[in-house]
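Shared between the two complexes below is chain A, which pairs with chain B and chain C, respectively.
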Partner chain A sequence: MSASAPATTLASALSEGTVSALERARAFGAREAATSPLFVQNLRRAGAEAFAKLGLPRPSDEEWRYTSVAALSRQLPAMADAGGAPAGRTASARSALASLGPIGVAGRSHHQLVFVNGRLDTELSRFDGLPAGVRFDALSRLFAAPPDLLERRLGLLRGHLTHPFVAMNAAFLLDGAFVHVPDGVVLAEPLLVVHVADGSAGPVASHPRVVLSLGENAQATVVEAYCGTGEAFVNPVTEIVLGAHAHLDHTTLQEESVEAYHVGTTEAHLGPGAQLFSHVLSVGGRLVRNELTVRLHGDGAGATLDGLFLARGEQHVDNHTLVDHARPHCGSQQYYKGILDGSARGAFDGKVIVRPAGAFTDAHQKNRNLLLSDTARIDAKPQLEIYNNDVKCTHGSATGRLDADALFYLRSRALSESQARSVLTLAFASEIVDRVPVAPLKAHLTDRVLGWLAGNASEAR
Partner chain B sequence: MSSNEILSELTNQEYRHGFVTDVESEVFRPGLDEEIVAAISAKKKEPQWLLDWRLKAYRHWLGMTEPKWAKVSYPPIDYQAIRYYAAPKSTKDGPQSLADVDPELLRTYEKLGVPLEERAILAGVAVDAVFDSVSVATTFRESLAKVGVIFCSFSEAVHQHPDLVKKYLGSVVPYTDNFFATLNSAVFSDGSFCFVPKGVRCPMELSTYFRINQADTGQFERTLIVAEEGASVSYLEGCTAPKRDTNQLHAAVVELVALDDAKIKYSTVQNWYPGDKDGKGGIYNFVTKRGKCAGKRSKISWTQVETGSSITWKYPSCILLGDDSVGEFYSVALANNYQQADTGTKMIHIGKNTRSTIVSKGISAGHGQNTYRGGVSIAKSAIGARNYSQCDSLLLGDKCGAHTFPYLDVKTSTAQIEHEASTSKIGEDQLFYCRQRGLTNEDAVSLIVNGFARRVIRELPMEFAVEATKLLGVSLEGSVG
Partner chain C sequence: MNVTTTILEIRGLKARIAEDGTEILKGVDLTVNAGEVHAIMGPNGSGKSTLAHVLSGREGYEVTDGTVLYKGKDLLSMPPEMRAREGVFLSFQYPVEIPGVANTYFLRMALNAVRKHRGLPEVDAMDFLSLVEEKAALVEMEDALLSRNVNEGFSGGEKKRNEIFQMAVLDPTLAILDETDSGLDIDALRVVASGVNSLRSPERAMLLITHYQRLLNYITPDVIHVLSGGRIVRSGDKSLALLLEEKGYGWLEEEAAVGAGTAS
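Right after this comes the complex of A and B.
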């Protein structure tokens, strides 16, 4: 690890990180070229070139105001190369999966793809039994005979040309999930994509890519879960394209180990009348950044963005959203809640842009944060950028602690201090948890929050 | 008449203060170097320490770059093309009383409606009038001196109260603060100085009226207000400039210091020339204003009505250092035609139980771009801090923009922070309701716009509230709140 390297200035450390990551990316691209179709090779090359040009975000970069890139860059040189990590640690993956509770236990009837350190684990994955025309497969399995649609969809949103971490993801593209639901097909069963980062035998890195594509009037529910043990750098990119009136419920559950560095980027492109319901739930990770961009590029498209983040100890969670209202009659609702304890640091940086063509926009942004300790810190930046006058836009952000009156009321009903705090904190979280559509996931989340609270209580003692 | 036509009529009013006063002026050559800085200092017969301070600022400025983060765009400013000093030629020792002031200047202020003559005693406002780089008249000095209040131009204060100036100059906005404040520190020419001693409640409203007259000049004034323990003062500031096709730079610094239990209320009606309807000309208003609530239970309140300037870059802030101190910010910002406003506030909570309120109302019309950029930061030490922010935007017309960028940084769980914002146009239902009550379309629009800005306007002292309402291009029915 470069932590033992002599102290250098941040700028040179950043550029060194970039150079070394670039070299590794080139070597990686050359090694994987034989088994990859041409468009994947091109994407890797474009990503590497863009990354070389972009470099890592500087601390002065407004979009990275609340996340220390320096901490990330220290991880980079050692971890950037995903190809070197040994695959197929099925046993440890199983135990990590078990921690996901009812949603992750192997043997249930879910359609699931399981990746361990960025590589598909065929033993734990289950692809069959889906309606005709539905694609639900691993990228690595499709590379041998890639469907046309994959070629059209992979890298379509072009984030790899402008975003340093998406560029890095493209440069190291190895595996991931491809989901396509054709026109008019409604999937009742949720699709589960699990990424296990197993750092029990030393630090690992992975750059998974998830491509979700829904045709006209198609409906699906997709859950992306991130879990694992030990030190890891996970840099996933999710690309979502929704056809006219498609309907996607998308959940990202992040509960990696507290030694994991997680930089997730999701971009969704919505056609006319399409609806996206997004849930971003973060519990684990040492440093977590959840970036979500939703482009409402069809008339009457709508997005609901929910978020919940729990952090304690030295954890750092940065939630970044951008909703781009580019067409008339679109709506968006954002609701992000944060609960912070210990010396944790959280951030909500959300932006709504209404472009000149975005008439009759109805956009709302809400952020509520609960601070449970005096050393926790929250930064909120809810922003509106509006270029059309016929809109209804509001945003609100509030930060505070548990209500003393409510605590007193519960105490007077014979609840202990910690019970009373748990009840109120759980109630605070429930507002987001209750809106998660998959029942087992909802139950799992409630358990998670309760476990988290119990953990806090024992930590305090 | 459709509501759109009324809106365009309301928003197309001509700038009324655009005349040029023909007085003989003394101007320095354009450009900025140590020689110019020294020449400004020599012109004002300043002591060595102040010259040294200016030069320190100038040298620091050379190493700084212009801030680019604001949501405004303008062609690069050539700082060597600006004249850093312009003053009406007057008698050698400066005017001793109003009788000595050039009558042309008096007529200028008469035209602007500023009561310079003491007969304006009825108005009950003491005025310091700043014309280009110098203060031309300060009224009511004797009656203020009787109660111990010092109110004079900055250059006089340097000579007559050097200890006070030395103690407080740069104590809130240090010369290293930011690009424009540092530039101001190097070349500031004049401004107002006000000192309210312990326990004194200033008996009248104090006011400074700034006027840019000379072409190609920049105006760099500096205002310093100190309220000692238990003192209170209300201060008003107004600004206008002639119509010109070129852009002029105005980079002022305002520093407020409030000690224990002191109260300072600072109101601004900013009406610099905003440029014509095609965005040509106008003032670049790049101003640093900051107040320090140094004492316990002190209070600083900023109220601003920003209707002028082609570009506004201004964030009146409060450093809430003393326990139980209070900061307030009330703002109405109007961006019309091609005006750009990036304005807001910063509330820095350090002391215990500090409280702050932010109410910002942005009105965008024409091609105007209005941005609220505000920061609330709660330090770990600010136990029990409380903040409430409300930022609303009203859009009149479909080519303008309204943006809200709040930054909320909280480092203690005992703080309670709330921020709310909304953006909308005048609702058809609101207009319809007014219309069916017998109001004309115009009256209905005026009523709604006034109602929108009312919460801020009512914080202004009476005289300014009237001016502000007129400036918003709408007449207020009934009494001013």
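Right after this comes the complex of A and C.
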């Protein structure tokens, strides 16, 4: 389909997009085969075949009810494949990293993997100096002599067979991060995985894969940051496996340009007593979908899922969660918040399933949204599916505006109306921001919120 | 030689509730000079809180007639924040809880907004800290309350202390205290009243709005006004409060009704 083609129906646009993507996936697989181990080649093939069958989600698909990918499917054929990065990418990556503030490249004081348009940038990355047995490396560097564990973990969660975007990610698998913390090792320092989507030399599609694996009683903090400029499609897939009593603090920070499409899918499997604290934070992007599935597959596992997004203009942000209570004595707390201005659209679709074996489940889901304009809109769909009677589950969603009494209170103490609005909006965000464990990241987020608010105020003038 | 400076001059103020048009204030006249403390008493529904709200610029009321001059300037044309910057302070009957906003962070913003308006530089962090310590002591505010979110989870007494503490930091020219005694036990009342008393000064005017005479046992006003049916029906010295305590408001309301009948 070319840009000059006559207007087509949505259905034909979707199927043409699918066909072209399949051809491209096959060409991509052939190109990369020589440098990839067999299990990676197989994963790509399986992903391409599944994607050919699944196609992109349609508006009639219940899981995609609030988010249309029609615009993305029109843009996809014009996007270059990952790996075909523009020259001088390190320079543009540096400036994109600088936008991450203190958690960016400044000083390279911490361990980080930096990918530019889906491919590792060795100059900006730092792998060395981690405790023995810890793996923190790029997939592309491991493909020559892949560790057994990578082969066992990559694609383990099998989303590439059922989920269109995970299938597409598998089909175009090029690079990404592999993190493994062995049994009993506690990493104090956060590990940073940065994906820069640089569309300055034309739109680029990238499909990063992140594989996180923690052994028994291991502990780690991992931050995935997505930033960049220009038009891009970023389709990351993160697979997390936590051994018994492992602790993972995982942050996804998404602040790509407002021309970017970001469809991220994360799935975590928790063993007995394992704990996951997830923070999903979105500031950028034209269309953002954050999908998070947490499977509590070991007795006594627990997950805390925090989310916050800021959207304005024509941005669209869709947070999708699924928490699967498959074993007894598991707990989950979800707290997702959205702040919308302008004509932004948001969605929160959160589901908790308690399986028959999920006795003594303690599951809570909370969704709060703040509308700063009359034209912003949010769709919220909290769902509980419970197949065991011995459980404690709550859920609730509320959407509102800034509290008029609080605004007046602040103004009666000399704050201007815009100051008062900023203070209250920041306070709304801070409940989530304050729970981010990495101090520089917390500071960066506060700056982001303040900058966002200042931007809104200047737009309104 | 004494030069009297008028801080607040209300003339023929009429106001109604915007939503349903109910007239609450039906012609209020009041003059408060620098250094004076005036109490406005009155039964429920007499318009006491409406007067406080109209003076502080709260939305939801329409002024249909009359003028309010604050230091000679038209107060009613100013947005709430401008009134505050010019030195008007309202102590809320029901202070608002603001989750996520730390007390001192908010107060520093407020103080800087006032200072900026007066052409002063932003307050230095160390100076602010010592100012906070000094003023918090006036109302026996614990340190823990200072760093907590504004009024969040505060008891009734802690909220009112926080109001007087804010007032002390912002150093207003006109303080309007709306039902500051409501919801206070006797110990808290004593602390709050002593805080207010310590803020009495020849440059400052205060307007105490209260239903009960109780507060006036601790803060002695220069003048007491009785607001009834949206008008000030009687003014006098502190003995008027004792009379009200003894006889209630009924006799004044009857008198006002008779007076109104005679006038027409």
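Note that in this section the second predicted complex is superposed on the first by the 448 of 461 C-alpha atoms of A that agree within 3 Å, B and C clash if a C-alpha of one lies under 4 Å from a C-alpha of the other, contacts with A are read in each partner's own complex, and residues count from 1 in each chain.
The rule is simple: contacts are C-beta pairs under 8 Å (C-beta built on N, C-alpha and C of every residue); 3 or more make two chains touch, one makes a residue touch a chain.
Because the structure is a prediction, the values reported are computed rather than measured.
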item: Touched partner set for A:386, first chain B, second chain C, both or neither; value: first
item: Partner chain(s) touched by A:401 [first = chain B, second = chain C, both, neither]; value: first
item: Which superposed partner A:99 touches (first chain B, second chain C, both, neither); value: neither
item: Dominant toucher of chain A (residue count), chain B or chain C; value: B
item: Partner chain in contact with A:68 - chain B first, chain C second, else both or neither; value: neither
item: Partner chain in contact with A:446 - chain B first, chain C second, else both or neither; value: neither
item: Partner chain in contact with A:41 - chain B first, chain C second, else both or neither; value: neither
item: Which of chain B and chain C A:426 touches, first, second, both or neither; value: second
item: Residues of chain A that lie at the interface with chain B and also at the interface with chain C; value: none
item: Residues of chain A touching chain C in the complex; value: 403-406, 408-417, 419-420, 423-424, 426-428, 430-431
item: Of chain A, residues touching chain B in the complex; value: 62, 356, 359, 369, 371-401
item: Residue numbers on chain B that touch chain A, as the complex places them; value: 69, 364, 380, 393, 395-425
item: List of chain C residues in touch with chain A within their complex; value: 56-59, 79-81, 83-85, 89-90, 92, 95-96, 98-101, 106-107, 109-111, 113-114, 117, 149, 166, 170
